[in-house]
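In the two assemblies presented below, subunit A is common to both, partnered first by subunit B and then by subunit C.
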Partner chain A sequence: MTSTQGRVENRQPGYVPADNSQPPSRRFRFNEWLDGHARQLFITPAVVMILIFSIFPLVASLIIAFSRVRLKAGGYQVRFVGFKNFSKQIFGSEQFHFLGTFTTLTFLGWVVALSASAAILWWMYRYITTGFSIIGFIGRMITAIVGLGIAWMFAGTFFSGNPFGTLGVTLFYVFVGCGVQFIIGLGLAFLCSQPIRGRNFFRVAFFIPMMITPIGVGYVFRMMADTTKGPFSPAWQWFGLNDFAWAANPWTARIFIIIGDSWQWIPFIFIILLAAFENIPRDYVEAGQMDGASNWQIFREISWPQVMPVAVTVMLIRVIEGFKIVDLPNIMTSGGPGIATESMSLHSFFAWRSLDLGQSAAIAYLLLFVTVVICVSFFNLIVVNRMRRI
Partner chain B sequence: MKSTCKSLLAGVAAAAVLGTATPTFAGEFDGVTISILTRPGPVIAGRLVDRGKEFTEMTGAEIRVNEVPFAEIFQKLLTDWATGTNSIDVGVFASGWAVELVDGGLVENLDPYIAKDDKIDIDDIAPYFREFNQKIGGNTYLITVDGDFQMLYYRRDILEKIGMEPPKDWDDYMKVAEAMNGMDMNGDGEADYGSCIFKKRNAQSYFAIGSIAAGFTQTKGTGEGLWFDTETMKPKINNAGWAEAFRVYKETGKYGPTDELNQDIGDTRALVQAGRCGLVIDWGDIGPLSIDESGAAIRDKMGAVIMPGSRKVLNPATGELQQCDADLCPHATDGVNHAPYAAFGGWAGAVNAKADQKVKDASYAFLSYMNQAEQSNVDVTLGWTGYNPYRNSQLNDTSKWIEAGFSPEFADNYLGAIKDSLNHPNMASDVRIPGAQQYTGVVLDRELARFLAGEITAEQALANIEAGWEEITDDFGRDTQKQMYKLSLGITN
Partner chain C sequence: MSNVSKVPRRSLFDRLFEPPRIGAMAPGAKIIVYTLLLAWSAFVLFPIYWLLITSVKTAADVNAGPFFIPFVDFTPSLHAWRELFIVDYADTLRAYVNSLIISLAATALAVLVGSMAAYALARIRYQPNLITILIFILTMTAALFAVFSYGVDWRIVLVVGVGIFYFFSKAVASRVKVPLANGDILFWMISQRILAPIVVVVPIYMMFQSVRMLDTHLAIILTYAVVNLPIVIWLMYDFFNSIPKDLEESAQLDGATMIMTFREVVLPLSRAGLAATTLLVMILCWNEYLLALFLSTAKAQTMPILVAAMNAGERGILWWSMSVVIIVMIIPVVFMAIVLQRYISKGVLLGAVKG
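And then the complex of A and B:
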C-alpha cells in the first residue's frame, strides 16, 4: 500500500494506471458504443424484418383500401377515393354481396332483431350499473355495435327469407364449423386419452388429414360428393341419391364445405386437447373415482376445468383461422351456387383477381375488423370471466 | 522438340476454343430465351411446348412455357408488364384482354413484322380473326393460335332415331332436349341427358349466356354490338331479350345433369365424351375430341350446326320481343335470327413491347411459326391441343381432318357449321375493351350464378348487371370506353 499526497492507493503489483491524458482510440470508442447499444442492435434485424414483411404490407394495403389502383405502363396509378371502397360494401352496389339482400323484415325477423337488441342493451345497462371503466365501456360499445349489426343483418336476411352475403357465410363457417370441430375434436381427444385398445393407431389416423394441403382436401371432397361420376357414386346411387345435387342448394353446399373443413381441422383440435387430457394428474381422477364420481362427473368437475385454458386457446386459434377460409369454397363450389358459399376471403380474392385492388383490400380490412372484434370479445368477455370463476 | 510441343499445345488449345465456341447448330436466335405465359397444359400450353422444341432446333431460341391458372393469366401478365418486371416476353391469352394492355402501351405492334414475314400468309386467316381478333385500333397486336366461337353439337344417331331435325331456335332446342332426355345414349343402361351446358360460377357460363342472348338481341350485324350502345356506352343488357336468354339458359338445366350448376367446361366435355349428352353447346373442340381415344362412345356420332337463333327478337324501339321481319332481322334465315358468338375470341399471342429487340424478333417468329398453315393445319385437328380452326385452308380442305380420323361426312358437317358461323354477317363480338374481365367475368358471371341458383329473378339480375357495368364504365372513363368499344367493332368514325 502506498500513499501519495495523503490519498491511499490500493494497487496490485505491476499495475500501470491508464494514461487519461490520451483520448480513447476510435476502436475502443466503437466497442464502447456497441456495448452500450447491444440490446437495440440485437433486436434491430428482427424489427426490420417485421417492418418489411408485416407492417409495410399492412400499411400499403390500407392505402390501397382507400384508393382506386390501376396498373398502367410504367407502374401504378393510384387515386384516393376516401371511404368509397368501404361504403360500397355496406351501403352501395356491393351491399347484397357483402351483407345480403334486404327487402322487408318478416315477423320472425322483427322478433330476432328486437330480441337481440334488447339483450345487447340489457347487457350494456348491467355493465354500466355494476362496474364501469372508460376502456371497458369503449370496448363493450364496439362489441355491442358489431353485435347489433350482425343481429340485424341476419334478421333482415336469413330470418326474413333473403340470401345473406359473404359476411354471413363467413360467420356461418366460423361458428357452426368451428363449433362442430370443437365438439368432435374434444370427444375424440377424451376417448383417445382413455386406456382403450388401438389408441396409438387412432391417434395417427386422426392426425393424418391435417397434413394434407387444403386444395387437395377440396378436390377430394368434391370428387367424393359427386353423385354421378365420383368414386362413391355407386354408394350414392344405392342410397337413391343419384339425382341429389348438393352443390345446387345453398345449404347443402355450405354443409358439405363445413364437412370438408371439419375433416381437415378436427385433428388440430384433437391433438392439442389430447396432450391436455394426458397432462391431467392421474391422482385427481383416481381420487374422484375413489369418491364414487361417475365418468360424466369426472369429466365435468376434474378433466374439463384442467383442459379449459388449452381448449380456449385452441378455439381462439381455430376461429381466427376459420375466418380466413378460402380454399375449400373456391375448389368445391367456386363460391356458388350464386354467392351462397363465398366467404369474405374468397370475396376479396375474386376482387383482387379482377384487378379491383381497392375493393379487395377494403374487404380484407373489414374481415380483419370483424375477426379482431369477435376474437377479443370472446376472450375478454367470456373466457376471462369463466377463468375467474374457476 | 520444344517447338513441336508448342505447336501441339497450340493445336489443342485452338481445338478446345473452337470446340466450345461452335454450337451444335447455327441458329438465327442462338442464346435467346423466350418466356411465355399461358394457361396450364396440355390444352393450349402443351402444343406450345412441343412446337417450341422444334423451333429451338431450327433457330436456337429456347422456349420456356410458364403455366398459371386460367383466371390469373391476365392479372399476372398485366402486373409483370406494367410494373416493369418484364419476366414474360409473350402472353398467350384471350384476344379480348389485349385491349387493356395495348391501351397501356405494353404490347408490340406486329404490323412491321408481318410485312417482312413471307411465311405467315395472313390472307389465309379467316376475316373475323384477321380483322377483329388480331387487330386493335387498326393495328395488329396479336397472332391467333386458336379460333373460338360457340356452336351447337348434337347426337346425330339419336336425332335420327327419334326422327327430329337439329334445332334452329331455342324452342326447337327445348323440344329436342326433352325428347332425348332420359334415353340411354351410350348403352350403359343408365338414363342420359337431353342437354349439357356448363353453368358453374367463375368458369365459362358467361360465354354460354352470350351465345344464347346474341340471337335475341343482335340483329343488324357485327357492328351493332351485343353489349353496349355505341353512341352512349349504356349497357344493352337490361331488356326483354336478355331476360328471355336468362330464362332459356335456366330451362336447359331441366334436361341436364342434376349438378350442372357446379359443372364447368371440363365436366361437360367428360359427359359428352362418355356419350351422355344429346345436345351440347361448346367451342370447336368437340369435333376433334369425338375422334380422340377417350371419345370412343361418340366417334362418328356427332353433328354440328350454327348456334340456335330466335324467331322473336328485341325491338330496341319498343323494348319488347317481336317476331322477326325483313326490317328487324335483315340477316335472318327462314325467319330465324342467328348471331353466332365469338365467345372468348380464341387464344392469341402478344409480344411484350419492353422486351429486347432480339427477343421480340424471336417471339414474333415463334408465334408466326405456330400460326403458319403447315403447323396449325395439323394442330387444329388434334382434340387435346385445344386449338380450333381459324384459317381458310383449315376450313376448306377436309383432307387433314380425314387424315386425323374424321369421317368425310362429319368433316364436311363440322367445317360447314364453322364456316356458317364465321362467315355470318351477324356474328357477335366478345367484349374487347378495358375492364372486359370485370364486365363479364365478374359482374355478369356473378349475377347469372345468383339467378341460376334461384337467389334473384332475371329482372333483378339484369338491373344489377346494368348498375355494375355503369360503375365500371364510369371508373375507366365513358368516352375512352366508348371509343375502344367502337374500334373493337370496326367502327372508325
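And then the complex of A and C:
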C-alpha cells in the first residue's frame, strides 16, 4: 500500500501535483469544494425548486382555503373563517354546483346507494377478518368513506334523475374517458404490433395528436362538431339533424368533450403499450401458435400478462393527468350547458375569475383530496396487488 | 403435409382465419387489422387535414358551409397566413420567440436539475430527518399565516422564519431522529405531479406579484421547470438504475470526482433516456396553457395564449387565423421529434413505466 502510493500520480484530469511552494489556484480550490459538497449539490436544486414552487404554494393555498380573501387597494385582506368555504361547497349554497342537486331518493337511487354501501362494507369486513394492520386499516377506511360518499352522491343525483355537480363531472371524465382511451389504445397497440406492413406510418400518424396543444384540440373539435358549417354537416342534414347542437344537451356535451380528450390522449397510451407489446419475445407468440392456440388465447395467456404491469402504470399516469382536465371543457363548451361539463379545475378557475379566492382554493383542495385518495387507492389496491401476483 | 389430404374440405371461414405458416397472419385477420388501423388513421388525420384547409380558406368559405377539396370546391387564399406573418408579424413573432425561449429554457432546466437529483437518488444514500421536515413545514405555515392574516411584511417574516427554523432544527432535530430513506424522497418528488396546476397557481401568482416578476420569461420558465421536474426525476431515476455501476466505479477509481463521473460517464451513457425525456417535457411546456394564462399578460405571452386570443373580438372566432397558429405550433415539435428520434431507442419510456 505504502509503496504504491507515490506512484499514483495522474489521479484525475486537471489534477495539480502537490507543490507546497505555491498555494493551490482558486479554480482548484473551487473544484475541491464542489467535490466535497457533491452529495448536497446534486439534490439541493431540485429540493429547493419543489419547496418554493410546490410546497410553499400548497401551504399558502391551504391558508387561503380557510380564509375569506378580499381584494382592496394595493393588496389583499385575508380573514380566517375555518371550514366555511368547504362546508359551503358540501352542505351549503354551492352544493348544487359541487355535488349536484339532491331531492328524495327514487327507488333506483336507493338500490344503487344500498348496494354500493353493502359492497364497500363487505369489502371492509373481509379485510378485517382476513388480514389486519393499522396503516392498511386507516388507508382502507379513508378509501371506503370517500367511496361511500361518491356512491351516495351519484345515487342522490344521477340515479334519482337530478343533475350532478362538478365532482360527478370530473369523475365521469376520468373514469369513462380513461376507460375508453385505455381500451382503444390497447387495441391499437395490439393491432400495430402484429406483423404487418406500414407499421412506421401508423406509429407516426397515431402520435400526431399528442403534439397539438390541448387548447388547439378544443377548437379543432368545435369545428368538427359544427352541424351547419363543419365537415360532417352534410351527414347531419341527411339525418335531418341540422338543428341539433352538441353543446345544448348535457350528455352529448360531455361525450363531445370525452371524444376530444380521447383524440389527444390515446396516442400516449398507444405509444407506450406498443413498446410493451413489441418487447414480448416473438418466440412466445410463435410457440403459442405452434400449439394451436387461437388469437384470443394468445392475447389472453401470452401477451396480456406481459403487458399488464405497464398497462396499469400507464393508467395511473393517465388518471392523474385526467383529474386536471380544464382546457377542453373551457374551450369546447365553457362548462355549459349550465354546469353540465364543468370539471373541478374549471370550477376553481371560474371562482378565481370572479375573485372569490377562498372558494377557488377550497375547490382546488377538494380536487386534490379526491385525486390523492383515488390515485393512492388505485396504486395500493391494484398496482401493488397485481405486481405481487405476477 | 399428410394432414392436408385427411382434411380436404374446409370452410371459407377456416381458410380465411388460418395462418399460412407460423409467425404470419391469416388473410382474414390481415384484412380486419388493416381496416381498423386505416379507420383510426382517418379519425386521427382528418381533423388535421381540416385544420390545413381551413388555414387557406377565406371567411366567406368557412361561413358558407363545408368545402372539402382546395382548388375544386374553393379557391385557396393565403390571406390568414399573410395577416399573421406580414401584417401582424410583430405579435406573432413575439409569441413565437417567447414560446421558444420559455419551453427550451424550462426543458433544459428541468432536465438538468431533475437528472442530477435522479442520479443522486439512484447512487447516494440520503437520510433526511423527518423531525426537521416537520419543523420546516410548521415554521412555513406559521410564517405564511403571519403574512396573509396579519399583514406582516414578508421580508421580516422570511428572516425571522429562517432564524426560528435554524434554532429549532439545531435544538430539537439533532436529538430526535426519525430517518427517511431515498425511496421516500423519490416518492415525495414524483408525487408532486398529482398537484393540479390550479391548486398552486394562485399562490405562485401572488408570489411573483410581490417580487414584481409577473409577465417575465423567468417566472414562467421556473414554474414550467418545476411542474415537469417529477416526470424527469421519474424517468431518469429508472434510466440511471439500469446503467451498470461498474463504469462509474472504475471512473472513480481513476480519481474522477462525482461531478466528473456524472458529466463524462453517466450522461453520455443515458443519451437515449435524456432524449426521450427532453422530447416529452418539451411537448408539455410548449403546449401548456393554464399557467401561462395566469403568469403572462402581454410581454411574455406564449403561443397557446395566442391561439385563445383568436377567439376574442367582435367578429367571432377567426377560424382561419387560429388554424394557421395551430399548424405553426406543430412545426417545432415535429422538428424536435426528428432531431431526437435517432437517440430514442424504442422502449425507453417502458423501463420507467414498468415500475
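Basically, the second predicted complex is superposed on the first by the 349 of 390 C-alpha atoms of A that agree within 3 Å, B and C clash if a C-alpha of one lies under 4 Å from a C-alpha of the other, contacts with A are read in each partner's own complex, and residues count from 1 in each chain.
The rule we apply is simple: contacts are C-beta pairs under 8 Å (C-beta built on N, C-alpha and C of every residue); 3 or more make two chains touch, one makes a residue touch a chain.
What you are looking at is a predicted structure, and each value in this text was computed from that prediction instead of being measured.
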Practice problem: Figure out whether A:S93 sits in contact with subunit B (first) or subunit C (second), or with both, or with neither. | Solution: first
Quiz item: So, A:F323: does it touch subunit B (first), subunit C (second), both, or neither?
Solution: second
Exercise. Considering only touches as defined above, state whether A:I135 meets subunit B (first), subunit C (second), both or neither.
Key: neither
Practice problem: Go through the superposed model and pick first if A:T228 touches only subunit B, second if only subunit C, both, or neither. | Solution: both
Exercise. Tell me which partner A:R353 touches in the superposition: subunit B (first), subunit C (second), both or neither.
Key: first
Quiz item: In the superposed arrangement, which partner chain does A:G338 touch: subunit B (first), subunit C (second), both, or neither?
Solution: first
Quiz item: Touching A:K72 in the superposition: subunit B (first), subunit C (second), both, neither?
Solution: first
Quiz item: Regarding the shared-chain residue A:A245, is it in contact with subunit B (first), subunit C (second), both, or neither?
Solution: first
Exercise. Would you mind checking which one, subunit B or subunit C, touches more residues on subunit A?
Key: C
Self-check item: Touching both subunit B and subunit C, residues of subunit A
Solution: 75-76, 228-229, 352
Quiz prompt | Touching residues on subunit B, where the partner in the complex is subunit A | solution = 71-72, 74-75, 78-79, 81-84, 104-106, 200-203, 257-262, 270, 437-438, 441-442, 446, 449-456, 464, 467-468, 471, 475
Quiz item: Inside the complex, what are the residues of subunit A that reach subunit B?
Solution: 68, 71-76, 93, 96-97, 101, 163, 226-229, 242-248, 250, 333-340, 350, 352-356
Quiz prompt | subunit C residues touching subunit A - in the complex, by the definition given at the top | solution = 19, 22-25, 29-30, 33-34, 36-37, 40-41, 43-48, 50-51, 54, 62-66, 68, 113-114, 116-117, 119-121, 124, 126, 137, 140-141, 144-145, 148-149, 151, 185, 189, 192-204, 206-207, 222-223, 225-227, 229, 233, 254-260, 262, 283, 286-287, 289-290, 303-304, 307-308, 311, 317, 319, 322, 325-326, 329-330, 333-334, 337, 346-347, 349-350, 353-355
Quiz prompt | Partner subunit C, residues of subunit A touching it in the complex | solution = 8, 11-13, 15, 31, 34-35, 38-39, 41-43, 45-47, 49-50, 52-64, 67, 75-76, 78-80, 184, 187-188, 191-192, 194-196, 201-202, 205-206, 208-216, 219-224, 228-234, 263, 271-272, 275-276, 278-279, 282, 286, 289-290, 295, 309-310, 313-314, 317, 320, 323-324, 326-327, 331, 345, 348-349, 352, 357, 360-361, 364-365, 367-368, 371-372, 375, 383, 387
